[in-house]
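Multiple structures are listed underneath, in C-alpha cells.
The same chain A turns up in both complexes below, where it pairs with chain B and then with chain C.
Now for the complex of A and B:
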C-alpha cells in the first residue's frame, strides 16, 4: 500500500505508545489524534484522555472535521475526565505522554511557542503560546513531540524564546516528517530516518549541525498498520496538518 | 427566584470598562461570539481577558480594541484556521499585553 509522510508520522507516533500508558494530547493535534485511534485499532492496551473530557473515545467513529476538540475526541467515551483532573494526574507523575508540537526547537530540546522576532512585549510575530507544555514536560514520564514541517525555520540553532524545555533525565522523542530524533546526553540525535528520505536531506533541513555519519532506516509502515489507518481515518483528517 | 433572563444589550451592560472577563469555550468551539460582539458594539474598553484557550469571542474583543491584557495558555485556532488575528496584531502593535501561563 502507498504511504507518505502523514501515514509514516501517524504510525511512528502510534508505535511510541506502550501497553499500559496513559496518554494525552490537546487541541490542534490531528496527527496524534489519528495515531491514538490507530493504536487502539491495532489492539494496543492504553488509556487515552482528551481535551474534550472524553476518556478512550470510540476509535471506530472517524473524525469528520479537522478539530481535536468536539465529538472527534468525545463520542463513545467510557468516562468523562476534565482538563483539571488531567493536569492533576500529570502532576502526580502518572501521565506517560502528552503529545506536543512547536514552532521552533533547538538541539537541546528547547521549544518555542511564544513569539518570533522582536521582544516578548513587542514581538514581530506573536505565536499562540505553549498551552500546557511548560507544566507537562517536567512531570510527564516521556515527552513525545511531533512536527509535520521539518525545515530550518523550525529546527533552529537557537530559539527566540524557550516556552518549555526538555528534561535531559527523561526520554525525549521528536517525530518529524523526515526522521525521529531522540535526546542523548542532553542533545538531540537522529535516531532513524524515514524510508523515503535520507540523512543528507535531514541535515539540509536542520538548522543545527548534525555531525553523525549514518542513521538507521526507520521501519516502514506495515500493511496491517496502513489498512487499519484507512479504516479509522477514512476522511483523511490527518492531512489537515500537511 | 430571581429572574436572570435579560436582553443581550442589558447583559453586556453588566460588564464595565476595566473589568476582568473570562469567556467560555475553547478556540472555535462554544465561544460566546454574540455576547462579545455586543460588548464591542457598546464600545467597552480596557478589559482584561482570561482563559486557558480563549476563543473567537475573545479575539473579536481584541480586534475591536476592547481588551488590553490577556491571560492565556494557548490563544489560537486549530490548524487550518490559524492564529488569532486580533490578538496577534494587538500584541505586535503593543496594544495588548500577553501574559502567557501554562
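Now for the complex of A and C:
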C-alpha cells in the first residue's frame, strides 16, 4: 500500500505508545489523534484521555473534521475526566505521554511556543503560549513531540524563547515528517530517518549542525498498520496538518 | 514549569519555593482571578444551577475562579429537573451572578450536541466585525437567530 509522510508520522507516533500507558492529546492535534486511534485499532492496551473529557472514546467512529476538540473524542467514552483532572494526573507523575508540538526547537530540546521576533511584551508574532508544553513537559514520563514541517524555521540553532525545555533525565523523542530525533546526553540526535528521505535531506532542513555520518532507516509502515489506518481514518483527517 | 524562561520573566506569576513538607523545590503559580466568567450551557434554571451536557472543558473551574459568573443557556429548565440528576449540575447557583436565556448563544462555535459544526462563514463575519469595530451591528443582525 502507498504511504507518505502523514501515514509514516501517524504510524511512528502510534509505535511510541506502550502497553499500559496513559496518553493525552490536546487541541489542533489531528496527527496524534489519528495515531492514538490507530494504536487502539491495532489492539494496543492503553488509556486514551483527551481535552474534551473523553476516556477511551469509541475509536471506530471516524473524525469528520480536523478539530480534535469535538464530540468525536468524547462519544462512547467509558468515563468523563476533565482537563483539570488530566493536569493533576500529570502532576502526580502518572501521565506517560502528552503529544505536543512546537513552533521552534533547538538541539537541546528547548521549545518555543511563546513568541517569534521582537520581545516577549512586543512580539512580532505571538504564539499560543505554554499552557500545555510548559506545564506538561516537566511532569509527563516521556516527552513525545511531533512536527509535520521539518525545516530551518522550526528546527533552529537557538530558540527566541524557551517556553519549556527537555529534561535530560527523561526520554525525549521528536517525530518530524523526515526523521525521529532522540535526546542523548542532553542533545538531540537523529535516531532514524524515514525511508523516503535521507540523512542529507534532514541535515539540509535542520538549523543546527548535525555531525553524525549515518543514521538507521526507520522501519516503513506495515500493510497491517496501513490497512488499520485507512479503517479508522476514512476521511483522511491526517492530511489536515500537511 | 521547570526549564521555562517564563519563571524568571514573570515573577508576578511564578515563584520558586521549597515545599514545606519535603524540601523539594517547587514552582508556585499565582491563581488567576478573572473579573467575569461567561459560560454557555445546555440547561440552567432561573437560580443559575447550570448543567453541562457533554464536554465541560475548564468551565466549572472558571466559575469557581471568577469574581462573577454569567451563565448563558440554550434552555431554561425547572429546578425539579436538576434534583433528578444533581451530578449533571456543573455550576451551582451560589457561584452565579446572572442567567441569560440565549439559544444558539455559542454560535458561530459549537454546543454539543445541539449544533456540532463550526459555522465558518459566521466565524469570518464575527472576526471582520471585531476588526472593523462593527460588533454592535453584527450582534443586532443576529438577534433572534438560533
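Here is the rule we use: the second predicted complex is superposed on the first by the 242 of 242 C-alpha atoms of A that agree within 3 Å, B and C clash if a C-alpha of one lies under 4 Å from a C-alpha of the other, contacts with A are read in each partner's own complex, and residues count from 1 in each chain.
Keep this in mind: contacts are C-beta pairs under 8 Å (C-beta built on N, C-alpha and C of every residue); 3 or more make two chains touch, one makes a residue touch a chain.
Bear in mind that the values here come from a model prediction, so they are computed numbers and not experimental data.
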Between chain B (first) and chain C (second), which, if any, makes contact with A:135: first, second, both or neither?
both
Please work out whether A:126 is in contact with chain B alone, chain C alone, both, or neither, and reply first, second, both or neither.
first
After lining up the shared chain so the two structures overlap, which partner does A:116 touch, if you call chain B first and chain C second: first, second, both or neither?
neither
According to the stated criteria, A:82 is in contact with first (chain B), second (chain C), both, or neither; which is it?
second
Taking the superposition as given, does A:91 touch the first partner, chain B, the second, chain C, both, or neither?
neither
Is A:164 touching the first partner chain B, the second partner chain C, both, or neither of them?
both
For A:74, is the partner it touches chain B (first), chain C (second), both, or none of the two (neither)?
second
Partner chain in contact with A:53 - chain B first, chain C second, else both or neither:
second
So chain A touches chain B in one structure and chain C in the other; where do those two contact lists coincide?
51, 67, 69-70, 83, 114, 120, 130, 134-135, 163-164
Which residues of chain B touch chain A in their complex?
26-29, 52-53, 72-80, 83-84, 87-88, 91-92, 94, 97-98, 100, 102
The residues of chain A that touch chain B in their complex are 26-28, 30, 51, 66-70, 83, 113-115, 118, 120-136, 163-164, 240-241
For the chain A and chain C complex, residues of the former touching the latter
51-54, 65, 67, 69-71, 74, 80, 82-84, 110, 114, 120, 130, 134-135, 137-138, 161-167
Any idea which chain C residues touch chain A in the complex?
1-6, 9, 54-58, 60-61, 110, 112-113, 116-118
